[in-house]
Each structure stands twice: as C-alpha cells, then as structure tokens.
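Here the chain labels run A, B and C in written order, and each chain numbers its own residues starting at 1.
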Amino acid sequence: MSANARVIEALLFVASEPLDERALALASGLSEPDLEEGLQAVGLRHAAGCSGVVLERVAEGWALRASDETALACARLLDQLSQRPLSRAALETLAVVAYAGPVSRPEIGRIRGVAADAAVLNLIERGLIEEAGRADRAGNPLLYRTTTRFDRVFGLEEGRHSLPPLDELGDDLPGADEVRSRLQAMAATQGVSIEEPAAVEQTT
Amino acid sequence: MSANARVIEALLFVASEPLDERALALASGLSEPDLEEGLQAVGLRHAAGCSGVVLERVAEGWALRASDETALACARLLDQLSQRPLSRAALETLAVVAYAGPVSRPEIGRIRGVAADAAVLNLIERGLIEEAGRADRAGNPLLYRTTTRFDRVFGLEEGRHSLPPLDELGDDLPGADEVRSRLQAMAATQGVSIEEPAAVEQTT
Amino acid sequence: MSPSSALALELDLEPFCGPFDLLLALVLRDVVDLGEVPVADVCLLYLAQIDQEGELDLESASEFLVLVSALLELKIRLLLTPDEVDDMPDAEEAAEELAARLAEYARAQAAAAWLQDRLAAVGLRVFRDGPPALRPPRLEIEDEGTGHPADLADALRRVLTRSEEVAEPIHVLRRRIPLGRLLQHVRDAVRSGESCTFDEAVRGLSRTEQAAAFWAVLDLIRSGEVVARQEAPFAPIELRAGARRAPVVGVAA
C-alpha cells in the first residue's frame, strides 16, 4: 500500500467518528486525486474476506468497522450482545427524532400521543440520540437529534439524507386528508354532519 | 489472512484498551495455538512500512497504534478535532486543573459540583491536560495537571504563574462562605492556605 | 415490541376478533362499524390483561388511554344526533385534530417499522466508540494562542459562585462490564469442580470485574443455581452448584 494510503488508513483508525473528505484532506495534506486513490487502496485492503475490518461509507463520511464475519466476536468483546432489542416505544421515538429532529420531548410526546421520557432516556443511554441545545421559544425546552452512532448502527450512508421520504413509507398509509374523509364518510352513514373544513394544511 | 487472523485484527481494532491473550481468546473462541498464529499474521500485515496501523505489544497485552510515519497527519487530525470550541463543562474543568492542579477526578467533581469524567477525557484527547502521577492518599487516585501545550494555547508565558490571580475573584462574590469552603477544598489539594491571599504570586 | 403493548391487546368481541391495532385500522378504513364495537368490553379486556401480567407498564397504559378515548370520542359523535353534535363546542376542530393526529402517528409508526426492518437488514454493525487503545505518536505542532486566560478565570468564578446545585446533565462514563460473560465464568467455575471459593472463581479478573462478578453470584444464588457458604465474616466464600440448572442460553455460546 502506498504511503498516502497508509496515512489515510491511520487517520481512519485514530478517529472515533467517520471522517469526510475535507477532514481527511486537511489532516493528510493530500490533494483530491491522491485522496481518492488512497481511499480506493484502503477500500481494497479492507474488503470483506481479506480483512477483519472493512471500509464503509457512512454518515456522510468514511469509517472502518468490524466486517460481518467478525462482528459477533467484536460484539461479544464489547458486551453488546446482552443488550435488549429496541422496544416499540423506543423505535417510534427514534423515528420521530430522526425525521423531525431536533425536537423536544413534549413534541415527541404530542406526535406519539404518550409521554416519551423513558424512551428518550433509553435512547440517550444507547447513544442513539443526544442533546442538541435548547429551543428558542417559550420554556426553552431541550432539543434532541440522532447521533453519528445512529447513522452507523443503521448503516445510513449519507446520514439522515439516507432515510426514505416519509410519503414513500407504507403505501396504504392514510394521510390526514384521507383519515378525515373517512371520518366524514363514517359520520355521514350515521347521519352526523361534519362540515367541510375550510383550510387544511397539506401534510407530507 | 486467515479467518482467525481476521477476527483478531477486528477485535484489536474495535477495542479501546489493549487486549491480553485471555480477552482475545474469550471473545474469539480461539485456542491458544490458533491465537498465537493469528497474532503473528496480524503482526505481519500490520508492520511499519506496509501499514498505517501497527501491532504493538504493551504491558497490558496487544494493541494497534498509528505508525510513526503517520504521526504528523494524526496530530493534525486531533488538532482539527481540538479546534472545536471547549464546552462549558470542559472549560470549567480546565480552570480547576489549571488553578488547583495536580488534582484528581473526584476532587474536580467536588469542586465543580458535578462529575467531570467526560470533560477530563476530552481535555486529555485535546492535549490540554495530562496525568501527573498518583496521589499519596486513600485510593491513590490519578492526578491531572495542565500541559505545556495548554500554556501555549492560552498564551501563558510563565505557565500557571501567568494566570489571573485568585484573590481578584474573591470579595464581591455572593455566598462568601460557600466560596470560601470550596476555595479551601481547592487549597487543601495545593497545600496553600487561603487565609493569606498575599501568597498568590502577582505576575503580569 | 413489548409484550404488553396496548396495541397488541387481543380482542374477542362480537363484531371483531383480533389485535387492538387492527381494530383501529379497520375502524378508520370503515370496515368495522364503530357503532357496533363495545368499547367497555375493550377496556375490560385490557384491565384483565394488566391483572394477568401483574405489573402496570405506564407507557402502554397511557397509550391505551389515548387510543381508547379517541375511539370513545368518535363513537359519541356517531351516536349523537346532528343537533346535539352542533351543540358540542369545537366539534369539527376535535375531529380535525384527531384525524391529523392519527395520521401523524401512523407515519411515525411506519417510520419506526422501517427502522426496525433496516436494523434487521444491515445486521450487526460493530465499531469502536471512542479513542483507540494507544494514542498516535504525538508530535508537537505549532499552537496558535487560541485561548485566553481571562476565560479560565471566568470559568473558575462560575464554578465558585454556583450557589446551588444547578441542574446540569451529569455525564457518566459508560463502563462496559461483560456481565453475561462473568455469569458464564462463575457458572463454569462452579460446574467444573465440586465446589470452589469466590476468590478462585474470579481469579484473573480486574477489581471492577470482581465487584460485578460478586453481583452476578448474588443473582445466581437468588435463582438457586449456586449455593454459597461462608464460615465467618471475611472468610473465603465457598460456592457450589445449586439445585436449579443453568439455562441453556449463554452469551458465550
């Protein structure tokens, strides 16, 4: 492996978070083409089947992680196997923070219909969400956002940009308009009238 | 490289501390001879000159380290990361270490009123504080002091003697008793008596 | 999914048989006539489930309350005549809000389902979560004077004048103690011989691990897997296998 590639390998090893091209270039002093070439060489050296550690594109940057075949042993070392799977409440809270973040706890609670305090604490403990300052409005509630760790655990190459758009999720999902019209239809069959709402926000 | 060697490579890569043979065997499930052979293969693959990351034998076991030839780039990377502004907690911890050092983590926590573990690690990673031996008292806690890098970053030509003197902080503050007791806690760690603020050196 | 999720509540009602969330979906899709659904029975079934589980999961209970009250509100509207509905304040707004809320929640659920599928699809991803074991060789490079001593004095002043405990998140370092492995370790130690002492069982472990192992042993004693005996305070603790066998699922498997 070339000296350039060796430097990139070392930088990816030393960093505890994924590094983007800018950070790599700044630290290595390499030009863009050299960087490109070096990354390619590191990718070849650290490919599944010939290395225990693979190069991956994640969280809008580059990082090394345990390969699929070595993941189990590494999880055992870090004692990640005894961790319980995410509960439904935690997954829903995570989804809200991922799509709507930074959001405050009350906002999460409003969307889910139930308080999210326990789920939020659980997700912080797991390193999947983190505090993101305070909202600039009444009460100045703490805001939460997903972490780089979240991107890495879920394998999101471009961070939250890799999340599918909400309106593509679940084809048969009723939108607010649809739910409303169903409620109206239901009311109509029962002889109840609910007037056409004047202005309805389009939700996505 | 064999599958066994790949597992060892991955384990050493994801670990945050050196691993001895026992830890490697527990996580990988490898027998002693397989482990021996795997470590040898990892050592060959991660040797200076052909890899940016080298295998090292240290007192506590085995670990990977960025190679010497990549030192400059790594230093630049860590520096880049340390250019991010210090958090409030980190700055307070740094102030306590600068004025009262060498101090232990529990002492910093007592003076600040909140635990300082994360802040201490952050400051070490930035090269602003360093270990300074162990205290000669119960529990032998590790002590921390500021580094020469700290002096340069904060422009302190004569080290801690260039810090603004403590007695300028004292008189007009609310809760004088509280302040005094905390100062005393601090002073005790320095072996300096607070009754005579004149003892604090005046330098400009 | 937690077993006691209100949405998974199994219903056996005359007009409908299946889980609660399916009922909600069918009501919204007009497949089931809400007028026919005995909401009281749904509540009774839920209470019976709580009784059976013996513990109240607050998240699940509040989830159930919200959903069932929404259902009730809808049903009230259906049962009332148009005149009566008109008399109710903000009837449309309530329906409006309910619809918007259900739709928003449905999207959150869909997103949660996507995350769950994604997790299964990408598999176990393991990476280092902090600095490496060994620091890179540190080169001294030119440092610019980016800090100012006055900032330090200000910070110290802040620390010293903090009159009361300020609510500030306490960052506790996560120390990973491999409890599962420790449990297995103690089990193996006890199983391999007739009996062994605690000191033998934890030989080679660090101090923190030993403390955790002690906790693990207490748990094994509680479950009847291990029996312990100590002749006198500070005497060696003798451990041997208890009546109950270890479960087959082991982390080290």
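Side notes on the structure shown:
Note that a residue touches a chain if its C-beta (ideal position, glycine included) is under 8 Å from a C-beta of that chain, and two chains touch if they have at least 3 such contacts.
All values reported here derive from a predicted model rather than from experimental measurement.
Any chain bridging subunit B and subunit C, meaning touching each of them, is among A; the list is complete.
Seen from the Cα centre of subunit A, the chain whose own Cα centre is farthest off is B. Chain pair with the highest count of contacting C-beta pairs: A-C. Taking the mean of the C-alpha atoms as each chain's centre, subunit A and subunit B sit 30 Å apart.
Centre-to-centre spacing of subunit A and subunit C amounts to 19 Å, using the average Cα coordinate of each chain. Among all residues of subunit A, those that touch two or more other chains are 10, 13-14, 64-66, 70-71, 74, 76, 78. In subunit C, the residues that touch at least two other chains are 126-132, 136, 181, 252. Across the complex, subunit A is touched by residues 1-2, 5, 7, 28-30, 34-35, 58-59, 62-63, 66-67, 74, 77-82, 85, 91-92, 95-96, 98-116, 118-119, 122-132, 136, 169, 176-181, 251-252 of subunit C.
Only residues 1, 3, 5-11, 13-15, 19, 23, 26-29, 50-53, 64, 66-67, 69-70, 73-74, 76-78, 80-81 of subunit B touch subunit A when the two sit together in their complex.
Within the complex formed with subunit C, the subunit B residues making contact are 10, 12-19, 22, 26, 56, 58, 63-66, 68, 70-72, 74-76, 78-79, 83, 86, 88-89, 91-92, 94-96, 98-99, 111-115, 117-119, 121, 125, 127, 149, 152-156, 162-164, 166, 168-169, 173-175, 178-179, 182-183. Of all residues in subunit C, only 126-141, 143-153, 155-163, 165-166, 168, 170-173, 181, 204, 252 touch subunit B in the complex they form.
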